[in-house]
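The following pair of complexes shares a single chain, chain A, combined with chain B in the former and chain C in the latter.
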Partner chain A sequence: MAAISHILERGAEGATLGQRIWKSRIDYLFLIPGMLVFGAFIFWPMIASFYYSTLDWTGFGAHSEFIGLANYAELLNDEFFYSAFKRSFLFMLATVPFQMIVGLMLAIVLNNKFLKLATVFRAMIFLPVVSPVAVIAIVMVLMLSPFNGPINGFLIETHLVSRAVDLLGSPQMVLWTLAGIFVWKWTGITLVYWLAALQTVPDELYEAAKLDGVKTWQVIMHIVLPIVAPFAVVIGLISAISALNVFPLIQATTQGGPFFSSEVMEVYIFRTAFAPSSGQFPRLGYASAAGVIFGLSIMALTILQVIAVRRVRRKEAENV
Partner chain B sequence: MTNTFSRGLSRRAFLQTTALLGLGLGAGPGFAQNLVKTEGLKPAIGPFRWLDSGGQKGEFFKQYLAKYAQIQGIEVVYDGLPWKEISSVLPLGIRNQSAPDTFNLPIGMEPSVAIAEGWLQPIDNLIPDFDTWKKAYPDGAFVEGVNVFGGRTYGFPFSTERRFNNALLFNQDMMNAAGYDKIGADRALTFEEMRDAAKKMTEGSGGRSFGFIIGGAQEQRWGDVATMLAQRGGATVGNTGLLQGMDLKTGQFAFDHDAYVAGVELLLAMRDDGSVFPGCLTIIAPQAREFITQGAAGMIIQGPWNVPIWEATAPSFKFGVSPGPAPDEASLDNPIWVMQLPNSANMMWLNAKAKNPQYAGDIFHWLGTVEGQVAYANVASSADPAIFPESIKLAKLSDRAKIMLKMAEDRVRVAPNPLVRQPGLSKVAAAYVDPTPNLAQAVQGLFSGQLSGVKATLKKASDARNKALDTAIAKAKAAGAGVSRDDFVFANWDPSRDFGPADYAKL
Partner chain C sequence: MSDAALPPGRMRQSIFTPRRKRFITSIVLAVMCVIWIYPLIWMIAASFKPNSELFTNPGMIPNRPTFENYGRAWTEANMQRYFFNTLFVTVGSVLITTIAAALGGYVLGRREFPGKWPLMGLMVFTLFIPQGYTIIPVFQLLTTLGLGQSLWGLMLATCGHSIVIFILLFAGYFTQMPRELEEASRMDGVGPVKTFWYVMLPLAKPIVVTVVVMQSLQAWNDFLLPLVITLANPAMRTLSVGIYSFKGEHFVDWGGMMAASTIAIGPIVLLFLFLQRYFIDGLAGAVKG
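Here is the complex of A and B:
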């Protein structure tokens, strides 16, 4: 049997690339639909965005002018681009840790098999995840209204504030308010990821700890967290990318205002590409340049996190 | 948002509906007489599609197009979208070749640019007996550089720009209680009086309502309100688009004019007094309008379209109208200026790739007759006034609507328009890149407290805009356009009267 395998391997090594592809042609045939979809919706838009970023083009006319990297040069001098860029990552840093910590805490509580109504609580926490962003945005604008919103009513009634707070209209508070709404909406999905991670903790460990009289917080700190820690990298990556793609929420609530104080990169790109101010034309080329830079930065973040995942896995393998 | 019409209806039913709609809006019965099927039109290819910015004129078109669809036996799709959505949806539609047959152009887009980009086609050959039809219009309805280009008519005018786009509308009871019961069409508030009235309204309500409200999430409102206040203060500046804030006597943007500064300071003073509706930075103009009828705020600066809307939706609400406030008593009679007589924002343009241009021509033809204009005026009221003066006289309008129209007649004048004088400026408009922050954004930033120093901020915005215009002129020149900054200067302009064809001829 071993001899046959050896012959097959040698045969494979000796074949040219073309011969190997031909040999696996059926496999490649099955890959074609996926590759077409990838090409049309991922690869081509990436290439097209870069091409458009080299044009001075409104996006709707036949006339466009190749201007090389001039859009990039202009972006580097655009303080609103920098502000939006910074705000996007600030938003990510403000939401992801919260989402992960709160999600993990809830997951540990709801993972308790003896907790009655755990399923009901899980469903309730997950409910905002499946609610449309536009609906949540409208409800939140009403809830947070400083004129007659119930949240301000509650704050005033309980004497936590003396006058209504304009949470979405205050330049100082709007981003943090949006971050709060974002965390509330998406913590449910992080909870599900953590619950999946918690299933990897063997029951025997809980039982052994119980027999040894270990306290709950010690179980969490010394048994649960070390086991689920590697999952944090993946969950963090997913949550970070989600926090950078926050266009629907912001567009439906503040549209980046007041005076750009909640304008993150996606809103900036949208404004320059499709919704210019009165008396001005859209600048699809310029917006594409901003999109390319933002896309590359997300890609860099992803690569860093992929490297982190590999390192964690390598460490795990070494420990085993 | 989309309404599809395709069933038949009699002429009598249309007249009844128009009359009822007019009555419902407090505008009286309609005068439409013979809405009959036009014979000889080619069969429609798919639905005939119409896109405009909705509002009160949209109410008319929704009703009228439904009846038209029934009489002609075709399918009609009407979409009334906010301006911001038109700005994003229409360019995409043009690019994807899915744009409607006829549409409003996005605000700020010069028609000449749309023509150069291949968006539009002329309507001359689509309207029966075109020359006679055109002659029936009032003088100034068809202007080279506004809706006529190279001698061919592209924009269909049906409403006039002569309206008080930024009037003061107020809760009459609150205004009376504040001690300003004489305020109305003939007597506007001074800035100081407005501030005082807003303060008294707020204090008098015990915290239940506020003196002033603005749909501040709609960025452009800040630029429009500031410009109206500046015009009332005597700044001879353009009111919209690329020309907003440009002093047409000097050809320079003048956001730092004392009148602009005083106007913005009024807004900030009311904010500091606590007289401005909290949360106004997160609401849009229609929401602000609703808060007024609910008694949550006493005054708003908005257009005449509020009149028929409030009369229809809140018939028991007592409100008054007056021209926008002026800095002092000496400026109370100052006019405000618009850029041309026909309302170019409302104007309908024909898609160069329209599937059913013949139906657009047929509709334009009827709407450009006295009969069509009266039917239109009965519903559009003072919101988007009909362009035929006689149709306004024949239409049944509410008293407030009549006051609004009278205010416009008395105080709104047509300013010189550089694009009429020099069509080559469309290349400048196409090359122009608005700096950030622009006027509207700067005023919003000052109001929200993110920017400080009114004069310095406005000067910075003004300088940036002047520089951006110079850059655009240089680009247009490089592309072969024979334009210069002098094209924006109208030394012979008398701001107290309309700038007409004779004035252009003297340049």
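Here is the complex of A and C:
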């Protein structure tokens, strides 16, 4: 509202709002294609999800009935929902720190401009990032297979284990195995983010440190890390959000199993809305309510992190 | 950076000269990187092994290399069809997204008009909403429009994934350009559409390439949306969904599965290797912004 009244006031200084809109008609014309896509596939779904979450709705094309907040009330007592919600955030906490630390270490090594093959190594580490998740999933299922899979073959041959381990088939291990695959797939992207952050460290600092005879690890600890630290918040935010959107990897690898032990939020939503177990109806309203809670949590997380970024930047400005 | 380690006095005494140190670092990194991409190498190797050999020969080189797996995957498992479906969705969504984002970003980056800032705020606000939150209304909308079972619907909805990021990328780039550009073309009597197309867009070439590359990656590898749209219509599957269903439908055919995977991964990896810089700059841009 504030924004609208602001515009109206500004309009009053010169032309009226209507005149100004008419004057900018060509600008609006340019915006149409982008806004059609944005409106149809982002803005409208965001609003519609709220509405759908108040419906008892058993399938596309089926009759739906308004039931108020009953879906939310039911979710609060749904154990599958709770576990999936917790698992999503557990998965995030398990992957983000590893991904960030491994990415940073690789970035520091590869940032050496005397290392001739750095771009080749970077490309190799980046390869899993561009590979389709469905492919990664199927290759991992075969490689980790307890029946003749090469990883188990290797582990048995080197006597690290006495018999095959079913890393994706055990309810205790499956989430951690998936976390490992996830970190492997996406570290390349964190590496690239860190490399971009490291470009902000001036070369003169390295040279000055070299002349003073400072050791490499001291340069890293006392010069490099403090400079790139503010980027950690942004990189952490992007990594956290992508760890919460892990649907493709988990659906393609385990479909949330075994016994729902790797069912994260989006897999839960997908199962409830599109792939109910036999004999049950899809529950679109109920799944929407779960989606709304999940979406709002992510937005809350984003806002918290944005506030953190602002804080860090302000502190920096004060120090300088 | 390892060079920074040694004080000048010690440099001659140490057995680890900077050059030798770099050499050792390179060897260690090379070994690590090969292990890193081992699963992908294993996939390609397995795609050339007959199924009987897959279980018995753990080595990389097939004893009797064969193309049979590719034949089976391409025709029997329908990868041929899925390949062209994916190509259609990718090319179409790249065209639409790039043009829409460039037009929108140009206006938002360079012009003042009523409603600009609320619109920017709204877009930034939606930047991080998860796909699981929007998928039901998206599918419902496509069904209402009669596109719920068609490749056109899939292609259009695929445009939505990153449109906001792309618009903001263009807007950020266009903002930095000098004002005189438009003034000069206005003096020459060139209209706004022509100015955009012949003056501004060519200048934004680096962003155009970045957006093309990122949207290709997005569309080629997309999973949830094509999965939902093709649940009732297997003929519309994309490669990602096709491989996912392959696992359920022909589970014993490992060789075929690996061939199908290699087919799915090939084009996007080639695109990456040729346009590496744009992939990496585009993604790194997200952090700086």
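By our rule, the second predicted complex is superposed on the first by the 282 of 320 C-alpha atoms of A that agree within 3 Å, B and C clash if a C-alpha of one lies under 4 Å from a C-alpha of the other, contacts with A are read in each partner's own complex, and residues count from 1 in each chain.
Definition applied: a contact is a pair of C-beta atoms (placed from the backbone, for glycine too) under 8 Å apart; a residue touches a chain by one contact, two chains touch by 3 or more.
Everything numeric in this text was worked out from a predicted model, so none of it was measured.
Once chain A of one complex is fitted onto chain A of the other, the partner contacts of A:Ile241 are limited to chain C, with no touch recorded for chain B. In the superposition on chain A, A:Thr254 contacts chain B only, with no contact to chain C.
In the superposition on chain A, A:Val141 contacts both chain B and chain C. A simple residue count on chain A separates chain B from chain C, and the partner touching more is C. Once the two complexes are laid over each other on the shared chain, residue contacts for A:Ile108 go to chain C alone; chain B is not touched. Touch criterion not met for A:Gly180: it reaches neither chain B nor chain C.
Of the two partner chains placed around the shared chain by superposition, chain C is the only one that A:Thr216 touches, whereas chain B remains out of contact.
Contacts of A:Pro230 after superposition: neither chain B nor chain C is touched.
Contacts of chain A with chain B, set against its contacts with chain C after fitting on chain A, overlap at residues 60-61, 141, 148, 274-275. On chain B, the positions that touch chain A within their shared complex are 84, 87-88, 91-92, 94-95, 107-109, 113, 116-119, 216-217, 219-220, 223, 240-244, 277-282, 291, 296, 430, 432-434, 436-438, 440-441, 444-445, 447-451.
Interface of chain A with chain C (complex): residues 3-4, 7, 11, 17, 20-21, 24, 26-28, 30-31, 33-38, 40-46, 48-49, 52, 60-61, 108-112, 114-117, 119, 121-128, 130-143, 148, 150, 153-154, 184, 189, 192-193, 195-197, 206, 209-210, 213-216, 219-220, 231, 234-235, 238, 241, 244-245, 247-248, 251-252, 265-266, 269-270, 273-275, 284, 287-288, 291-292, 294-295, 298-299, 302.
Within the complex formed with chain B, the chain A residues making contact are 58-63, 78, 80, 141, 145-148, 164, 166, 168-171, 253-255, 257-261, 274-283. For chain C in complex with chain A, the touching residues are 1-9, 18, 22, 25-26, 29-30, 33-34, 36-37, 39-40, 42-43, 46, 54-55, 58, 96-97, 99-101, 103-108, 111-115, 117-119, 121-123, 125-141, 143, 148, 156-157, 159-161, 163-164, 167, 192, 196, 217, 220-221, 223-224, 227-228, 231, 239-241, 243-244, 246-247, 254, 257-258, 261, 264-265, 268-269, 272-273, 276, 279-280, 283-288.
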